Amino acid sequence: MDFRSDNIAGAAPEIFAALQKANEGTAASYGADDISRDLDRRFSSLFGTDCRVFPVATGTAANALALAAICPSHGAIYCHEESHIQVDECNAPEAFTGGAKMLGLAGSDGKLTPEVLARALSLGWRGSQHNPQPSALSLTQATEAGTIYSPAEITALARIAHDGGLHVHMDGARFANAVVAGNASSADLTWKAGVDVLSFGATKNGALAAEAVVFFKPELAESFLFRRKRAGHLFSKMRFLSAQLAAMLENDLWLRLARNANARARQLADGFATIPGVRIAYPVQANEVFALLPEKIRAGMAADGALFHPWSDDGNGAVYRFVCAFDKTEADIAALLRSASRAAG
Amino acid sequence: MDFRSDNIAGAAPEIFAALQKANEGTAASYGADDISRDLDRRFSSLFGTDCRVFPVATGTAANALALAAICPSHGAIYCHEESHIQVDECNAPEAFTGGAKMLGLAGSDGKLTPEVLARALSLGWRGSQHNPQPSALSLTQATEAGTIYSPAEITALARIAHDGGLHVHMDGARFANAVVAGNASSADLTWKAGVDVLSFGATKNGALAAEAVVFFKPELAESFLFRRKRAGHLFSKMRFLSAQLAAMLENDLWLRLARNANARARQLADGFATIPGVRIAYPVQANEVFALLPEKIRAGMAADGALFHPWSDDGNGAVYRFVCAFDKTEADIAALLRSASRAAG
Amino acid sequence: MDFRSDNIAGAAPEIFAALQKANEGTAASYGADDISRDLDRRFSSLFGTDCRVFPVATGTAANALALAAICPSHGAIYCHEESHIQVDECNAPEAFTGGAKMLGLAGSDGKLTPEVLARALSLGWRGSQHNPQPSALSLTQATEAGTIYSPAEITALARIAHDGGLHVHMDGARFANAVVAGNASSADLTWKAGVDVLSFGATKNGALAAEAVVFFKPELAESFLFRRKRAGHLFSKMRFLSAQLAAMLENDLWLRLARNANARARQLADGFATIPGVRIAYPVQANEVFALLPEKIRAGMAADGALFHPWSDDGNGAVYRFVCAFDKTEADIAALLRSASRAAG
Amino acid sequence: MDFRSDNIAGAAPEIFAALQKANEGTAASYGADDISRDLDRRFSSLFGTDCRVFPVATGTAANALALAAICPSHGAIYCHEESHIQVDECNAPEAFTGGAKMLGLAGSDGKLTPEVLARALSLGWRGSQHNPQPSALSLTQATEAGTIYSPAEITALARIAHDGGLHVHMDGARFANAVVAGNASSADLTWKAGVDVLSFGATKNGALAAEAVVFFKPELAESFLFRRKRAGHLFSKMRFLSAQLAAMLENDLWLRLARNANARARQLADGFATIPGVRIAYPVQANEVFALLPEKIRAGMAADGALFHPWSDDGNGAVYRFVCAFDKTEADIAALLRSASRAAG
């Protein structure tokens, strides 16, 4: 009963199989192998537009390198005040941009609104030598609160950003969960809505360690090879990163895994709703459930061996986070819910 | 009638005289001259404690270098969301710290409160490898809103900061104005209240260009010589920076100049109070007056040739900033007030 | 017949087995899993001294992060002018140190001498605010030229470095090859000889992607957790990095693989020696052979499908590099030599 | 008898007069004043081409900011191994470029040759993701050895640089001394010979503290306003920097001062030539004399109160540097020579 994160899970069998296959024979290093060279084509096909794709091993690397490609050291990056890039990456975006300014904006359910963004951009900084130059908007999809932006919401935000001269980045550590959450396609949620560069996550969704920086505007990728190497994120045996990404796209494995994760979160949220005293904190739209638990229930579940992290305490009580990894089963959720019911008495 | 800033003024005659005197003969360069070598003693005497003092030419350099001395590249700096270091230094603090995180906190009248700071520090970041490490608190004295912190207020904030493992920086671009504003001494407002390093401003107060980074904990200054040089802020003919600072301290010139500036702001605020329709936005405690002006009055004053900057519009009307430089006279203020009265009709 | 690099090889079967085993069940993320937590013990046992060990995925990350731990942004790093950190890491050391100075020194066979180092350190920079502060010496073991430093050579260099206030780093991307090349132990070649921090390579030696930064002075590792995360090099599913490293140490797999690689290089060099017109450029001490090939032989081998990189042309003819990966067989070398003999006519 | 550097001198009377004049009245800050706004015109007129000019206060700032404008963080800068930017700026170029690679090349008399540069650029780094990207050549004029490059020499070097995709920077801390040393104009020595950006020095030549970054290709200056501010090098009372630069150009003051400095160096070198045992180390072309002094003579001069710095010891004896500041007189030199003669016995 381990719900601490998606990354407490291992890797999917298909990923291992792909690695084993990639291990056959010798291959050119540093991305010149056949699997790596085919990634642009694969992702371009998925998104229905010309993409430039760069594998890296961690989400933090993907985010920070993507942001560095669209924000100079004298620039400002606008993001949610609780976003991963602002709170959980130990200044990696500042590091790789050479010291850009990160401006965290407020917003409920982990989401930014056009109003908040427009206000932040209305200060007259552009062109003034004193001020950080507004350069990038970063959206998280699915958000830190397990919610998702609709294409219309992204479009509205991206329009304001583009009008202000900003580029738009999407932190898609849980992009797969967002795609399967609604009726929108990968394209609808990204370049068609104004996203310029995407951190495409695979690790949380069942890879060992593989993410891709996907540029929808190839000209933004101009210096990326150098940026990645300079950051120590160029793998010599790149085929092993690329094989994970290729396997994810093969036969829509990535969507299949995410669909299960989301379904498990839905199952969990529905179950929680029947337990007296438990309250869901944010809309459950992806693979995370944030639940306000009475201490008695929390303690009972913990005593049963359930693992989950405290998230926040908003004064109304303590909220806990339950993340459903790609490989959680219906039985896993049922067991957790039984524990919660028992604890509720 | 130029009230756009303190830095539209030139330099005080005493400063020029000091420069002329410093120009006699040859002198060792890069800070080894007699005037420069005497600065530690002068400032230590002023503050009544052992200080290490480093002249630089701009306030941004002083702030960013001071912050770099107390915050690592993986650290976080807490400051007011409207502070100069956050808004008006084009990412210099990020640059010189190597990419530290700047976290702007809200607060009325340009001031931070213990509550806001304590909340920001309560997130459990310290020691967690994911999070920026809380490292520095920066207070502005006088603030961007022309208000001042009392020794008790600084003490309360510094205590929270120190308890959280942070060092405390004070941006004293208008420190002189703060000192003469109350009954507190330079020591009361700094190291006795918990300030570890001060950006001591002289430029706004009548120097050509001279600021000093003053360390109250000498061990924090260990690498400062290298940091300053690496930033291009080591002057070869350092005597010309040091002479300005020495002249400021000589016979309390700095306090005399600041006292005049503050008195002029008081005169202006009192005058505005008698003009129908004009409202003072923040308490006038130093040398700045923020006034809500009806458009008719603003336009009339502008037509008379008065120069002043728009500051904000809080929905209740447009606020304008009037800064009284060190050399403004009673007659200057009277003329400005006459213009305002005339415009008010 | 692929001899372009060690990294054109895949991963050893034992490494895959270890990954499969590590994939069982859930595990705490970000290094809190059991395998990761056991690494300090494993490496401390190997080296016979207390070590702090941090897995990363690439050699460039290991080197640049290790150097950042021992060299401030105003520091200087001394290394061989042809070393990987100077030539082949696209400024990663500069990036992670925040802009330290890299000073490449000359030396034959890829090696530095005490004389050259002593001369470089004799310029009186230490303590002078104008100069980069001498902070680190970095040695490559095995070197870029396929040679190795003896314990006595390392000791002599490290003594000069330590006397000058520098820390000593070893780039051990091919450390395994160096260990099996002589009679010296891992300890003899590192901390006993004065090495303070080691980049311990596993990727070239049969891992998918795994390196370890090994600190022999734990106090140098103080900020390393933050540095690694800030660089995007903290893996969420860390167990997959750690499992590779643990498998390498298990039953001396790393030495077994390196021994084979070195033996194949010896076999190749001995074979080349019998072919008229072929000349060995540097002493063959690890798993690399640098050979001066007449154009006829090069062309013939290439026509047979042999892959290898040109290295340099010193005026006496073109030198080519042949790297023997961990999994090359006697038959592989024999085939290559047959091709060379045939081409030689 | 102070010959330690040009910067042991104070400022010329004309500079003080200009500062006094600039002090009249209020003026827009941060470069919007009339004097500052006129600098582009003044320098464009001087150089006979369209220039963008940015005043800063120190030579290190000018150099490092200029280099940052033409070299990305993954780039490489080629310079003389003894150049100021490599040896004497405590990594400022690395700091402001965000960690570019500095590559010091050898060359006698402080000068680079086309052969050495061509060889350094022949390594095939351009476009390879592993290598620092060749981006800038920096020449010092006059050099650290007091020699000057002819227009033909600059042209030859700049052509190789441009052919390799590099921009060309000139460190002109003593540019005035170079201009008056030969028959070449300011234009001949810069943009006509292929220089893209110049650090135009005034401090050593009689200013208090003023340098200018002069772009001959305006497009390179695009982000310079932000870079300068971010580095803390934007002066609020900019008129005081600009006034020094304007005064230098007025009536060719800068050339007059430099002409005297060079003449004094010539006088000194000629005098030294008549003293047995003294040998001139480098050609004396600007305002510096490097002389090999027997210990007896050195000691005697020191005993007479002469101040000068040791420079190097090439095995043939100790070389000392004598710098003639802008305000040295014939009598000053004569006195120094008398001392040397006396000491020679």
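Here the chain labels run A, B, C and D in written order, and each chain numbers its own residues starting at 1.
Going forward, contacts are C-beta pairs under 8 Å (C-beta built on N, C-alpha and C of every residue); 3 or more make two chains touch, one makes a residue touch a chain.
On a predicted model such as this, the values are computed, not experimentally measured, just so you know.
Each chain's centre was taken as the mean of its CA atoms, and the one lying most distant from chain A is D.
Across C-D and A-C, it is A-C that has more C-beta pairs touching.
Rounded to whole angstrom, the centroid-to-centroid distance between chain A and chain D, based on C-alpha atoms, equals 51 Å.
Taking each chain's centre as the mean of its C-alpha atoms, chain C lies 41 Å from chain D. For the pair chain A and chain C, the distance between C-alpha centroids works out to 34 Å. Residues of chain B in contact with two or more other chains: 30, 73-74, 89-91, 95, 98-99, 129-130, 133, 226, 229-230, 234.
Those residues of chain B lying in contact with chain D across their complex are 2, 4-5, 7-11, 16, 19-20, 22-30, 56-65, 89-92, 95-96, 203-204, 208-209, 226, 229-237, 239-241, 325. Per the touch definition, chain C reaches chain B in the complex via residues 30, 72-74, 98-99, 129-130, 133, 223, 225-230, 234. Note for the complex: chain B touches chain A at residues 73-76, 86-91, 94-95, 97-104, 129-133.
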